[in-house]
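So that you can tell them apart, the chains are marked A, B, C and D in the order they are listed, and the count of residues begins at 1 in each.
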Amino acid sequence: MSTVQAVDKNSTYKVKRPEAGSNWFLPGIFLGLTLTGTKMLRNLFDYVKSMGGAKRELMPTVNYPEEKYEYSPRFKGNHVLTVKKDGALRCTACMLCATNCPADCISIVASEHEDPTVEKFPISYEIDILRCVFCGFCEEACPVDAIRMGPEWQTPGINGSEFQYDLKQLAYRPALKGGIVSVVDEEERHKAGI
Amino acid sequence: MAEVKYLSEHYSKPEYRSLDGYKKHGGYEMLAKALKMEPQKIIDEVKASGLRGRGGAGFSTGMKWGFLPNNGEPRYLLCNADESEPGTFKDRVMMEKAPHQLIEGMLIAAFAVKSHKAYIYIRGEYMGPAAILEKAIAEAKAAGLIGKNILGSGFDCDLDLYLGAGAYICGEETGLISSLEGYKGQPKLKPPFPAVQGYLKKPTIVNNVETLAAVVNIIRDGGQGYRKYGTEKSAGTKLFSISGNVNKPGTYEVPLGYKMIDLINIECGGLKPGRKLKAVVPGGSSAPVLTAEEAERATLDYECLAGMGSMLGSGAIIVIDDSNCMVDVLSTITHFYHHESCGQCTPCREGTGWIEKIIHSIIHGHAKPGDIDMLLKIADNMKGRTICALSDAAALPVLSFVTKFRDEFEYFIKEKKSKVRGGQIYAQLHH
Amino acid sequence: MHSSTTNVPMVKIQVNGQEVEVKEGSTIIEAFYQNKIDIAHYCWHPGLSVAGVCRLCMVEIEGNPRLQIACNTTVTPGMRVSNVSEKVKDAVKWGLDFHLINHPLDCPICDQAGECGLQDQYMKYGRNDSKMGEAKVKKHKVVDLGPRVVLDSERCILCSRCVRFCDEVPKTSELGIFNRGDRAEVGTFDGKPLTNKYSTNVVDICPVGALTSRDFRFRQRVWFLKDKETICTGCSTGCNVKAYYNKEGVFRVKPVYNAAVNGHWMCDDGRDIYKFVNRENRLIDAKLVSGGKTEHMQPMELAKRLGATLKGQGASVALVLTGSHSVEEYEAIVSYFKNDVGTTQIYHWINNPDTIDSFDGILIRGDKNPNTKGLIEVLAKNGVSTQWKSLTDSIGTGAVKTVVVAGPENQALFPDMKVKISELSKAAKLVWMTAGKNSELESLTGDVALLPLKTYVEKPGTFVNHAGLRQKTQPVTSIVPGALSLVEAVQLFRGEELVAKPVQEGEKPNEIGKGRVHNEFTLTRGVW
Amino acid sequence: MFKLSEEGLKYVKSELTRYETKQSAIIRSLYRAQDENGGWVNHDVISHLSEVMEIPAAQIEEVATFYTMFNQKPVGKYHIQVCCTLTCGMMGGRELCDAMMKEAGCKEMGDVSADGMFTFSKVECLGSCDTAPMLQINRDPYTENLNMEKGLQLVRDLRARGKGH
């Protein structure tokens, strides 16, 4: 390192300057390359070894969309309106989800059901997915497990109206294969007269 | 101090039922004597006799008559012949054997309380006694004993028979009054008490059949004369209806203060051979049950039974021997009260239903251990919380049966079968 | 009961340690109610007789070992009453439990959820989880009691308020409690449904969701609704009501207690009055049809234009007024037409002359306008006395060229609407100011101007009821933003700009209803 | 449509004036109407009585459904009401009732047997506990001191008598 000289006469800072001729950076580059090189070679070697699929877990990257990341069951994805055993909607339009929703994106219109034991059900149930924050409050508020946050999350749409999910979409979209039966009905809770 | 036929002297004579037969044995002389007396004198005489209500409450009749306000309003005298307390059938015997005794007693009472309109409210199922009474009233009317200017005394009083239609609740004073007014027999709020505002909001006196019949003898023997039988506080005699596991069930008139165990063993011929006394319900189904040793010590008067935590009530003694399962007996009682609750007050309407369902689940083997304490808590919280005493009547048997025979209930819950009868005993819930 | 003017001696008692004064002969629960002290109760209602069947209003009276029910125990001087002692709390907890053991788990589908007596009082006095494991009693659901009321017997707690109401107010005794014990059910004798003119009041006084209104069934959850006091403009009684609304409009009205006007009740026709206020029945935009050309414009714009044409026309202009606007509006428009336009042709359109004085003995009056007396008062003050006939004649003779109609707010109450439209459209120029949408008006040809008006829920105003009682109302919400009230219309006729007036004293939102004791349902949510 | 007979109408009219208020006549008029309507009270009976007595129909229905002796469903020629409370319950009233029901061919309580003869109900205490077990047929005086054979024999006698005329 060369001698130190002050920047200007009356300043107190001292600056260290490299000697002339010692500032070409090649060794620095090689030093850096060794790290990426070893990583690259090891990955390449692992990838070749895993071609047969034996050591698949060694490769952290996921080949989306062929491979999909496995989310936990508590994952809060798109909403699902569950159904009863006979396929009718489990939801009785009690509006608790709409009340509990912080984003106020659920709008329900209830109407009379001819079967007196059912009495009330939603004729329209809309969720504005663009405003939904996927917090799961509706799922917590629902007394009869009529709405759940399902595992799906990749649902693109082209224009705004495709993000207004209506009853059919929420309960009977093809991915649900005819509707998910609500826990309430599986346990035959109503038979016990409670 | 065995059986005394004080009121029921001529009951065994068939002609006593007709007017002439009744007159042959001194009938309606007391009415004539009373009509010459001062009404207030009669009330004092009844008060002096220490006569207490024979229907179940045991309230001093003289005092009750004294509550009438003299504000010039028309007064009504009602005879409570609705007798639906399980175990009680003494009124039926009195009305069948001596209808005129009741009529004479009512006329004297009506004169004493200056009432010009009297009704006999009889329960709907008593078609036999109702027909007999109807005929007796017709005879009395024909003989000028009912209607205008009775026996020339200037006192007129109309007596009529009102038919109930099957409701235990109409045995309660204000329930009877509501039924008489043509509504559902649902008790009215008290205060105001019937003596102040009863039938059609006018002062009303409601007395039991036996109480009114006793008035005739009080006029004959005077207040002190009536005290010949019975104890200091429970004066006079009382007709007891004894049923259950005794050899000779029936109606026996004994002076108050008579030992209960003597009545069971002597008059009623004791229990069936090989059976031991297990419990006695002393005063109709609403009286708390007495265990066998309590029954041994009990004497038949208001004070002794009250002291034992039970009550004389309507004097209906139900003898239960050791062949019966107490849970089963209680199930019939709770079903009775659930069926008879008039449904006005929530604690009684829902509580009786709840209690019966718990007993039903005990008997059918799907009861939980906590149910016994639950029963006690429900009964405790029904008692004293309603307009009339039916909730107390429903709670008291449950409290007494469960506390005094708790082992049978616990055995039933644990083993799912009766401790006494083994196998699934017969107790089905029928609505 | 309260409104007896004779000075009844007062009695001093102590309630929960607090000194309280009450009229002699009143019951303990009235002492609680008048001093706004909380007490659990269902079957007692200030406007009905005492039933004493729910057994919740238990109080402990010093010197009395047993708990007494407050609704049937009259007050005696120096009585010390408490309903916060442990014994009472436990009794009320158990009393509530008895109410709840056979109650169905219907809250999700029950309209009363949010203002239900069981929910509110369970939260306040109950809060214990029921240990009832047995099966509940099953009863009839969705029973059709009549055109306006739906019954659910399982929710019913048999407090008999509805039965007592039908016996005591309309005195038609359509309701009864049939069967006995816990199988008892409220009901009508089929063949005689609940059709009396006050049937919907049973829905208000029913503390639970057993009786629900068919008109409001499943339409909205009550916690999404806000409420504000106004009066009912269905007839000249001027019942005090509370309108329940949110951004979509007004959903229902409930009566507010006002001893001087309607007590606790209101009639069934009044229940439908709110319907004309909502957007779907309203005239939204202003329209000017002249010389075959129709122009749609902002109401304020049309009002300015009309102002210009009307100024100084003199007697060739006639004004037709109905009894459904407020006194301030009448003063503004009548003085404008008298001074600026210079006409005295101001006519009062009476919608049902023959039944105008009828009265059903309780609340319903024949005169279907809230402010007829106010209009007559303003017309008299301005020395206007005209006969309707002279209007139709002068239209015939062409003396009157333009007719300005400050039309009816609620067209449903004006059966002669069609007749008047054809009568008045004979005039050369017709200016029709109304709040409601009307197909005849829209289809009129010739020189017509339609100006949308505000309804009574959107503007403040004073209404004078049949007895001359002046009642000020506060705007509840705004439904058609562009619409004008007559006061604003007159300002625009004069060419002035609309400027928001600062709120005067006495008109602040919570000052209007200060004097009134609220109906116990509207004091707090649900049964108090 | 149910119509009271000539004397029935006269009887009800006389009952209306017998008591202080006309409501008090409801019970006896219902008894009369029930007898003339084959032992049970239905909707037509109540509406007819309501017209005849000028009392709101709801009040009459309240009374008709409150008391147990007015049957809400059709009953057979012999409505056998077996007492099952307390003493009779202990003495076998319930077993007796079931046995008689089987004998008479009624499956459920309150049903009318195939031949229209019998209807059974388990009623509450009839006030004759000393002669338990006992029963009441329609509204006649009591049939007392029964046991299993007497009960079954009673059913057979009644069936024979019922077929007789």
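Note that in this section a contact is a pair of C-beta atoms (placed from the backbone, for glycine too) under 8 Å apart; a residue touches a chain by one contact, two chains touch by 3 or more.
Here the structure is a predicted model, which means the values were calculated and not measured.
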Subject >> Excluding chain C, groups that stay connected where the other chains sit >> reply: A | B, D
**OP:** Specify the chain most distant from chain D by Cα centroid.
**Re:** A
Subject >> C-D or B-D - the one linked by more C-beta pairs in contact >> reply: B-D
Original post:
For chain A and chain B, what's the span in angstrom between their mean Cα positions?
Top reply: 76
**OP:** List the centre-to-centre spacing of chain B and chain D in whole Å, with centres computed as mean CA coordinates.
**Re:** 24
Original post:
Rounded to the nearest whole Å, what is the centre-to-centre distance of chain A and chain D, using the mean of the C-alpha atoms as each centre?
Top reply: 71
Subject >> Whole-Å gap separating chain C and chain D, where each centre is the average of the chain's CA atoms >> reply: 51
**OP:** Hunt down the residues of chain D that sit against at least two other chains at once, touch-wise.
**Re:** 59, 62, 66
Subject >> Junction residues of chain B - those touching two or more other chains >> reply: 167, 184, 339-340, 342
Original post:
If you look at chain A, which of its residues touch at least two other chains?
Top reply: none
**OP:** Go ahead and list every pair of chains that touch.
**Re:** A-C, B-C, B-D, C-D
Original post:
Which part of chain A faces chain C closely enough to touch in the complex?
Top reply: 92-96, 99, 110-112, 116-117, 119-120, 143-144, 193-194
Subject >> Complex contacts: residues of chain C adjacent to chain A >> reply: 105, 107-109, 113, 135-136, 141-142, 217-219, 221, 223-224
Original post:
So in the complex, which bits of chain B are touching chain D?
Top reply: 83-89, 91-92, 117, 123-128, 160, 162-168, 179-185, 199-200, 241-245, 249-251, 281, 285, 316, 318, 320, 324, 328-329, 332-333, 335-336, 339-340, 342, 426-428, 430
Original post:
Residues of chain D touching chain C in their complex?
Top reply: 43, 46-47, 50, 56-62, 65-66
**OP:** Write out the stretch or stretches of chain B touching chain C in their complex.
**Re:** 167, 184, 189, 191, 338-347, 349-354, 357-358, 361, 368, 370, 374, 381, 384-387, 431
